[in-house]
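Just below sit the structures, each encoded as structure tokens.
Next come two complexes, and both contain chain A; in the first it sits with chain B, in the second with chain C.
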Partner chain A sequence: MNTIAELFNALLFDYTLRTVAMGAAVLGIVAGALGAFAMLRRQSLLGDAMSHAALPGVVLIFILTGVKSPIVLMLGAAIACGAGVLLIIAITRHTRIKEDASMGIILSVFFGFGLMWLTWLQRSGTAGQAGLNSFLFGQAATLLVADVIVMAAFGGVALLVMVIFWKEFKLLSFDRDFGAGLGYPMQGLDILITMLLVVAIVIGLQAVGVVLMSAMVVAPAVAARQWTNRLEHMVALSSVFGALAGVSGALISSLARGLSTGPLIVLCISAIVVFSLAFAPNRGLVWNAIQRRRRRHQFRDDRVLVSLYHMAQQHDTLSHPHSARAVQTMHMRPAEVHSSLQTLARRNLVEPVNGNQWALTPAGIAEAEKHL
Partner chain B sequence: MSITQIEIQLIAALVAAACALPGVFLVLRQMAMMSDAISHTVLLGIVLTFFVVGELGSPLLILGAAATGVLTVSLIELLNRTGLVKQDAAIGLVFPALFSIAVLLISRFVRGVHLDVDSVLLGELAFAPFDRFQYFGLDVPHATVTMSIILVINVLFIVLFYKELKLATFDPGLAAALGFSPALIHYALMTLVSVTAVGAFDAVGSILVVALVVTPAAAAYLLTDKLRVMLGTSVAIGIGSAIGGYWLARALDANIAGSMATVTGVIFLGVLLFSPHRGLIYIARRRVRQKWEFAQTMLTIHLLQHEGEPEAVLESRVDHLVEHIRWQPGYAEQVVRYAERKGTVRRQGGRLLLTDQGRNLAQDALVRT
Partner chain C sequence: MNAATNSTNTTSKTTNKTTEVTRDQPSALAGVTPPPTHVTAHDTAHDTAQAIGNDTVPDARAIEVTDLTVAYGERPVLWDVDVHVPQGTLMAIVGPNGAGKTTLIKAMLGLIPVAAGQVLIYGQPYSEQRHLVGYVPQRGSVDWDFPTSVLDVVTMGRYGALGWLRRVRNSDRELAMQALYKVGMQDFADRQISQLSGGQQQRTFLARALVQDAQVYLMDEPFQGVDATTERAIVQLLKELRAAGKTVLVVHHDLQTVPEYFDWVTLLNVRRIAGGPVDEVFTDENLRLTYGGRVNFLTRSPQPAPETDVPAPHNVASDKTAPER
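And now, the complex of A and B:
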């Protein structure tokens, strides 16, 4: 309990931790919401491709301008991301190369191209090195409040656009052809929502880096999908999960040295995904297993009840008692008959007679007749 | 060229060839992004094996890494099979998680050993020749031997199971019906990709493995319809990029792997634009040609309809086309000129007359519809 109290204390009063947590939360909200659409449109890996593709933009804009401020670098990243994603769309649409391969090409070639210029920059010794490591893994600890405000501003605009075009994006995600039939410019909407995802990715690069940014697009959406069938709930929940993972990742990384924030955020969101896959009502694996087991028991109980009814029919009254052994002969798994009889007795559908015999109660007879 | 330079190029070419072979099947089976996932999670295998073995040079590292590659594929399949997660999302879930674990383990427990994440992700081919080994009295770089073995394994696998791979790739249903297990072929192929990725990441880094796996294969896919030819073309493009990338890197004094990826991209772009039958330029020109052909056919059909009728005098005037087929005046003139050039229509006074060729064209078109 003590550590938890300390953590909250730190969250409120430690400048670095507070900034990192806020940044991670902003990122989680924006990437979570827009990632939900990407997942529904089966473009989960687009986030991965785009975040890698940002590298040449960051490097080249630094070479050209010599400025290292986050906004300028973000602009470069956004340009490269946007160009990359348009190329992916173009290659997929105009050639027989499928989306997976065009993503692989753009991801790796852009990244390699950026890497080439980055090493050129480092060896030619021009000013400070843009820091590949921070691009790959993010440097959450270096986030300033000003950075978080920039992230929140761009992210907020992206979310606003998402809300304005909500109906159109919903149409795009679920029935593109119908939307085209209604006269909506589906191709334009496709590009618009992809550009919003570019914004989400670009603002996240500084915090969690390339490799882990892809997880922030996919994972919250997958987790949220398990809990609901409604788009608005899913997008909201996805944002919440993203923010939750962001803040908890930041908190955990403050516990010990040598724990980088990015990977911890990814592990937090992965834990949320595993929990959701297991326990979400109606879809979760554990939930479904329990439901299946319950239905199987119910079915078995009903069969035992009906067996007793059939046997009693051979006698003068329907409440004629029979031994458990007699019921067992009528079942594939005799060993389970006892537990069914116990359950039925608890529901007052059968009652024990003369020690080891069982008879239907009037309620049991009525229930058995329902199943015939 | 110094011996070191030749060795670097040899290693680069071996890596590129070894990557390009399984890449063909990944591209055809629409699983290109699997190479991205595997090449990232291989890091976890290396870290875990390193904890057990305690040294980085051990060949066990390759086995451990290949095992994580297979683990990655199995986890993705497992998630996919629950029906709760689509395949693309499953890939996007599994590899960042495993990769994060690896990064955390390295930053927390591995200190003072040359196992930094940069070298795994980016590789440094320029140093490969310094890691030398004695084999039967021959003094050769370690990577040459490793990559040669991996290349031979890849070639052998593809040669031995060519028929099965081909069948399972193009008609999985038929393959299953004939008794070739698609799952077995899938996992075998993924193991191959994992082993290749491990061997290659040492030289070029994991992210650029993707460039060498996917890009040459995709470029080859735009050049041919034959699997054999595609395999050969893919390897050739891979080797070409490797050598070209080396010289580009030398010229710029930049990272070799990055330059190799850049060259694969340039070659892909060239193929994308200029491929004889699937290139964008060919497609665009074909579209333009089809537009004119269609207009010409319409013109000849129109003329044929009214040929020999009293109103033919009126119907066959150029300015009448504007009214009748609703062409813009300038466009109508262009179509007529195109048709004249092709010899399907000729002018006589203000009238258009069909040539024999034009009449045949119109009649053909009418029969076809």
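And now, the complex of A and C:
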């Protein structure tokens, strides 16, 4: 309890932590929302390829300009991201290589160049290159208020564009051909939403890093899909999950020295994903298992009820009682008959008679006739 | 309807001049349904033509596809195809797998690049008449686990009329609801689309096309994977569309039902083998030419239509737009 109170205290009054948490929240919101569209368009992996492809852009623009301001580095990242996407599209369209393979090619080639230039830069001892390798795994602690403002500005614009073209993006994601038939330029919308995804990825690189950024695109969307069947709810929920993971990651990393924020954010969102995959109603694994079990029991109960009915038909009244033993002879698993009878008794469909016998109630007769 | 169909010769290519005069034909049926305002709005010059009525202007070409050629790389998928459909006709497009039926529809809609040819809708290029054309894609072309409801999907049919930036209004949802009533899906409006059966998915797509309030409908296998009840419901719907003066082009697989469901038929196998009124062109001979002469198709057998395997285009680029599923 105490630690939690302290954490919130720190969140409110610790300047650095507050900045980091805000930055993480912004990237979670933006990546969550746009990641939801990416997932629905089966482009989750594209997010991964794009974030890796950003690294050479960051390094190269620093080599060229010698400037390390976040806007300049983001610009470099965005250019490399965009170039990577265009190359993936071009490779897929003009060769026989399928999209997954072309994403793999671009991811590794771009990332390879990025790493090479980065290590070369470090060895050469160029002045001021020190912060660059934080783009690899992210270093949220280095976020300044100015960085967060830049992130929020670009992210805000991206989200605004998403809202403005909501209807069109929905059409693009669900039925591209139909949208084209309506006269919308689907190719252009495709490029636009991919550019928005570039923005979402680029603003998160400094905090989470190129290696883990794709998790912030994929994971919140996967978790959100589990809980809702409405696009608007899914996108909103995905943002909430992203923000939640961002803030919790920042808080947890502040608990001890040496805990890196980026990986902790990713671990938090992973925890949300695991929980959602297991427990979400209708889609969760645990939920489904419970439903299956319930249906199986229901089916068994119905059959016991019908057995009682058939046996009573041999007598002058349908409420003629029989022993559990007699019912058991009609079932494959006699042991389960008893628990079914108990359930049916709780539902007032059967009632015990003379201690060890069971008879259908009027409600039970009606229910049994439904299942004949 | 027959007045229009009988006197139209499919094989001849009429000049655009003739169709120009008659492209307001839907309004001739104003007694049946109110004429769609967008047809007449931009074309008041032809008001007199409507007054003459269907019988005196028999050559109302709703769809004119001329010399359409589509190629994936070196390989032609459609070669020099002509399809002329008079207004108020239900036309089936039949042919073996890989014959280019879906490609034909997609090319007509401008979804895939064409190597040659033109598509006229009521005498004007398709690009200018887009709002007159409704499209029912193959059911399998979308992800039915998309997080959205039936009503939402049907409302998408209104997006074209809405245009950029405008939000969906309640009146749009009401139109969508009416369309759901027409296909008997009103009770499923709020259902998540992944919970639909194949037939219900198909009817959802049909409702979405109805909401478009088009004059010409292009439907890609609306009967695929639906049960007998749904099939009857769809046929009923097609006949209502025809009665309202709409023109419907349907990619169809079941040869047995062609004479029963459709007025006209186009037999397609990369080239157009034959096209015209069913009783004229739907012959054993033409079917043999289309399918490669393996089976007697018109002998009433309980089996579904035979599917001849024509090798599908094999290069990578074509996989995404392969003519058949």
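Here, the second predicted complex is superposed on the first by the 363 of 372 C-alpha atoms of A that agree within 3 Å, B and C clash if a C-alpha of one lies under 4 Å from a C-alpha of the other, contacts with A are read in each partner's own complex, and residues count from 1 in each chain.
By definition in this document, contacts are C-beta pairs under 8 Å (C-beta built on N, C-alpha and C of every residue); 3 or more make two chains touch, one makes a residue touch a chain.
Being a predicted model, the structure only gives us computed values, none of them experimental.
Once both complexes are superposed on chain A, the partners chain B and chain C fit side by side without clashing.
By the touch criterion defined above, A:Ile97 lies against chain B and chain C together after alignment on the C-alpha atoms of chain A. Chain B and chain C, viewed from the C-alpha centre of chain A in the overlaid structures, lie at an angle of 70 degrees when rounded to the nearest 10. In the superposition on chain A, contact is made by A:Phe111 with chain B only, not with chain C.
In the superposed model, A:Leu277 makes contact with chain B only, not with chain C. Of the two partner chains placed by superposition, only chain B is touched by A:Leu264; chain C is not. In the superposition on chain A, A:Ala366 contacts neither chain B nor chain C. Of the two partner chains placed by superposition, only chain B is touched by A:Ser44; chain C is not. In the superposed pair of complexes, A:Val145 makes contact with neither chain B nor chain C.
Using the contact criterion defined above for the overlaid structures, shared-chain residue A:Val67 touches neither chain B nor chain C, since it reaches no partner. Following the chain A superposition, chain B and chain C show a smallest Cα-Cα distance of 5 angstrom. On chain A, the surface touched by chain B in one complex and the surface touched by chain C in the other have residues 42, 95-98, 225 in common.
Contacts from chain A toward chain C in the complex involve residues 40, 42, 93, 95-98, 164-165, 167-168, 170-171, 173-175, 177-184, 225, 228-231, 233-234.
Residues 39, 42-45, 47-48, 52, 91, 94-98, 100-105, 107-120, 123-124, 132-133, 136-137, 211-212, 214-215, 217-219, 221-222, 225-226, 256, 258-260, 262-264, 266-267, 270, 273, 277, 283, 285 of chain A touch chain B in their complex. Chain contact summary for the complex, chain C toward chain A: residues 106, 109-111, 130-131, 133, 135, 137, 141-143, 146-149, 152-153, 156, 159-160, 162, 164-168, 192, 194, 208, 212, 315-317.
Touching chain A in their complex are the following residues of chain B: 26-27, 30-33, 35-36, 40, 79, 82, 84-86, 88-89, 91-93, 96-97, 99-101, 103-104, 107-108, 117-118, 121-122, 207-208, 210-211, 213-215, 217-218, 221-222, 248-249, 252-255, 257-262, 264-265, 268, 272, 278, 280, 283.
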